[in-house]
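Right, I'll just put the structure down here and ask away after.
To keep things simple, chains are lettered A, B, C and D as they appear, and every chain counts its residues starting from 1.
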Amino acid sequence: MPINKVVGSFDAAVKDFFDGATVLIGGFGTPGGCPSYLMEALGKQGAKDLTIVCNNVGFGKELMKVVAMFMKVPDWWYDGGELTNNRQVKKAIAAFPVLASPLLVSPFEKQLRDGEVEIDIVPQGTLAERIRAAKAGIGAFYCPVGPGTIVEKGKEVRVIDGRKHVLEYPIKADFGLIRAYKADRLGNLIYRGTSRTFNATMAGAAKVTIAEVDEVVEVGELDPESIVTPALYVDMVAVRPEEGRTQIVQKISKEEQLRK
Amino acid sequence: MAEKERLSRETIAFRVAREFEDGMVVNLGIGIPTLCLNYPTPDKEILYQTENGCLNFGCNATPEEADFDLVNAGGQMVTTKPGMSLFSHDESFAMIRGGHIDLCVLGVMQVSEKGDLANWLLPERGIGSIGGAMDLASNAKKLIVVTEHTTKDGKPKIVHECTYELTAVECVDMIVTDLAVIDVTDKGLVLKEVAPGWTVEEVQELTEPKLIIAPDVKEVQLM
Amino acid sequence: MAEKERLSRETIAFRVAREFEDGMVVNLGIGIPTLCLNYPTPDKEILYQTENGCLNFGCNATPEEADFDLVNAGGQMVTTKPGMSLFSHDESFAMIRGGHIDLCVLGVMQVSEKGDLANWLLPERGIGSIGGAMDLASNAKKLIVVTEHTTKDGKPKIVHECTYELTAVECVDMIVTDLAVIDVTDKGLVLKEVAPGWTVEEVQELTEPKLIIAPDVKEVQLM
Amino acid sequence: MPINKVVGSFDAAVKDFFDGATVLIGGFGTPGGCPSYLMEALGKQGAKDLTIVCNNVGFGKELMKVVAMFMKVPDWWYDGGELTNNRQVKKAIAAFPVLASPLLVSPFEKQLRDGEVEIDIVPQGTLAERIRAAKAGIGAFYCPVGPGTIVEKGKEVRVIDGRKHVLEYPIKADFGLIRAYKADRLGNLIYRGTSRTFNATMAGAAKVTIAEVDEVVEVGELDPESIVTPALYVDMVAVRPEEGRTQIVQKISKEEQLRK
């Protein structure tokens, strides 16, 4: 049978999420690169006590109204903050859980103050490398980032070549939710611009990787030299509805500008 | 004492950009550092790296150019540039951790006389974001930090020992403030330049560690 | 005793290919394993990975198609296939080490009753090539090894303990030889199939460890 | 001044090689992917006591006549074997130093028997990861490959998640010689087919990375989404003469076939 990793809906893609799962969430805190439709579906699906692994913990729909003062906020944007609003999150492993502006206190930060969620703050590069280590079968690695700081607390420190290194372990996850641009039915992926970010890093790092894309193209249409994520890293592909696709989004953006 | 004028954010960025050498790979932190993008002289070709996965991007995008899929580390939309390349986060930090960034400019909350840097925890909120600052501070070939010379209530931000949570130890090479340019050396902090209208003594007064005064100390060099 | 006919290299490959399941990612070692490429039934879509950096390549290239820039792990030139992707060596072994290969088929010099594998050191030359065999043997989800059942001078290659340098310990799941198909289990080696014209006893005689005879042991299944 | 990493000749590219240097050599033992012109130039340059880091140690021109029985051998192919023939090699760190065929005993294997060179045999994936570790600033890593084998000898072994891992260190090199397909003056690189192999892994892993390419294109011609090696990993680019370029090579190949 021809391999076909394309699933019919975002709801179908997240139907097997379970309470207590560890979930990698791609993106970099902005609408581009965020697996928005998967986030929304996971919100509806309702799995609880999640550990989310991400660069930014997310704003959620309510705070996005304030975020709109600082940056463009499209309607379809739906991030991990809403999972926190829904009380689905138990813990975050993140590099950038807090924004400096006092106007932008996220649902996660509020719940953190109330002791309702836990945070494990990780330097961004160490976060990326720990996710890669899970994908690449590395047992642990000595990292030169963090000695003399809060990061080394409780960790083994070793001097290598005269420099202190902290022993870091892979982050093993049950699910990875990522945003890509195009896919084929085999699961090959390409991204668009800086939306590659943590998405490409996370592809293949969890037991199950689910990609949210604009379009599924015919096998052979993606240039073999340009495929960023080879098919074997991807388990499911779900396609955005038209209003969330890049071309439409850019077109609406432009029209808004022209109206102003 | 009446408040004397200090260097503006733009002037600080302008001064920092004078340190950019032709052909360098430069990473700019959020805030004042990002402003540096506008100031290197046109005879220099600089490759800017942003840790979210791009090398050699252009300037900040106009609303017309804006594309959700091309942002810098601060989440601002930027433009493409010929010779740009894109990569994943693990690759980006392989570059950073591996010492492939020639120069990094970061904002700072405190810096110590040994060059320790604190710039992430927001004390009033009991939390903060490490982001990519630890990776960059620990591994860039040269690290310049920019800051106001003092806190809002006039306390020195250049201190004997950082009291805030550290970002990295002994990592800063140069400090550019709204009052001074200071080199971090094995012997201590060397005051190289002072803001126009300010004296060496006035700068020392607002600085906790004893400054070594460079023999050729001068006004902040903007040309 | 007169030499009875054994399975040919092609037949061994044919038998191994029956283990390929629809949708699997499969890596084939040099030699007999590479021949498996020709035999899965057409209703199965298999993604072949080669450790030198390609997923979903085609068949061996004809002289007309041959391209120096498209080779398999044995250095043979192969063809492209729709849906192919290319990657570097570090990425390729991230895949392998990370457990993303469903099935690997390797040639073998010795295999022990515990599933230890020896396939790299050439004893007569005192050296050999590890290549990618250790990475593959240690990390593929399933490992099938193929071999002649005995050495050229009739000694068992399936042994209590490997005497040759090991490739990986307790890694083999299934052994396909020119005489038998054997599963490696926690309880020991289970003889599942024997070559046409051979008896269970004859296979046992050429195998060092005591074989567990599967209740449904049968002739090698080629359909 | 515009950045320009293109050097005028292969001789110029290798002029600073010094005795005792550690050199990464890209490729996978076949003509495609081998930095042949750089190999030839390094042979002429003459630096001695080299430690070469490579998948295959190379055949050398003499043995290539025998290799031609097994595979296509183009005139311009010049590999690390010739450095061994020249007595420039002290040690190899390699995954595949020996070919099984008794006909293909390399110069390196002969010198090894005579005790004139040393070998450090490394599993292929560990070799790639140790090179990446040098590029990526990883101090050391625990690798699940090698426990219970010759590979663990003299190394720290640690059980992580119930599995034995061997501690492996980065391979730090002075020079990296790689084969790419196209470059721009900034040093961005693309490869062609499986010739990406160790070449892309080694790019940026040594103090100085030198790329041998078919062509230098204008800045902006390489698709940002398809650049495999970003400019900052490359220090020098040297361009092959016409007879070694892919298009010519393929054309000659085809003509040879037609003559047969």
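Rule of thumb we're sticking to: a residue touches a chain if its C-beta (ideal position, glycine included) is under 8 Å from a C-beta of that chain, and two chains touch if they have at least 3 such contacts.
Only a predicted model underlies this, so the values are computations on that prediction, with no experimental measurement involved.
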Both-way neighbours, i.e. chains that touch subunit B and touch subunit A: D
Subunit A and subunit C: spacing of chain centres that average the CA atoms, whole Å: 38
Subunit B-subunit C separation of Cα centroids, rounded to whole Å: 56
Centre-to-centre distance between subunit D and subunit C (centres being mean Cα positions), rounded to whole Å: 28
Overlap residues in subunit B, where contacts from two or more other chains coincide: 86-87, 93-94, 96-97, 139
Multi-chain contact residues (two or more partners), subunit A: 129, 132, 136-138, 143-144, 191-193, 225, 228
Full enumeration of touching chain pairs: A-B, A-C, A-D, B-D, C-D
Subunit C-touching residues of subunit A, taken from the complex the two chains share: 1-3, 132, 134-138, 184, 186, 188, 204, 218-220, 222, 224-225, 227, 230-233
Interfacial residue positions of subunit B with respect to subunit D in the complex: 22-23, 25, 43-45, 47, 49, 55-56, 80, 82-87, 93-101, 139
Touch list for subunit D against partner subunit C, complex: 28-33, 55, 71-72, 74, 95-100, 105, 109, 112-113, 119, 121-126, 128-129, 131-132, 143-151, 181, 191-201, 228, 246, 249-250, 253-254, 257, 260
Residue ranges of subunit B touching subunit A (in the complex, touch as defined): 50-54, 63-64, 66-71, 75-77, 86-90, 92-94, 96-97, 116, 122, 125-135, 138-139, 165-169
Subunit D to subunit A touching residues, read off their complex: 129, 133, 136-144, 158, 160-161, 163, 165, 169, 190-193, 223, 225-226, 228
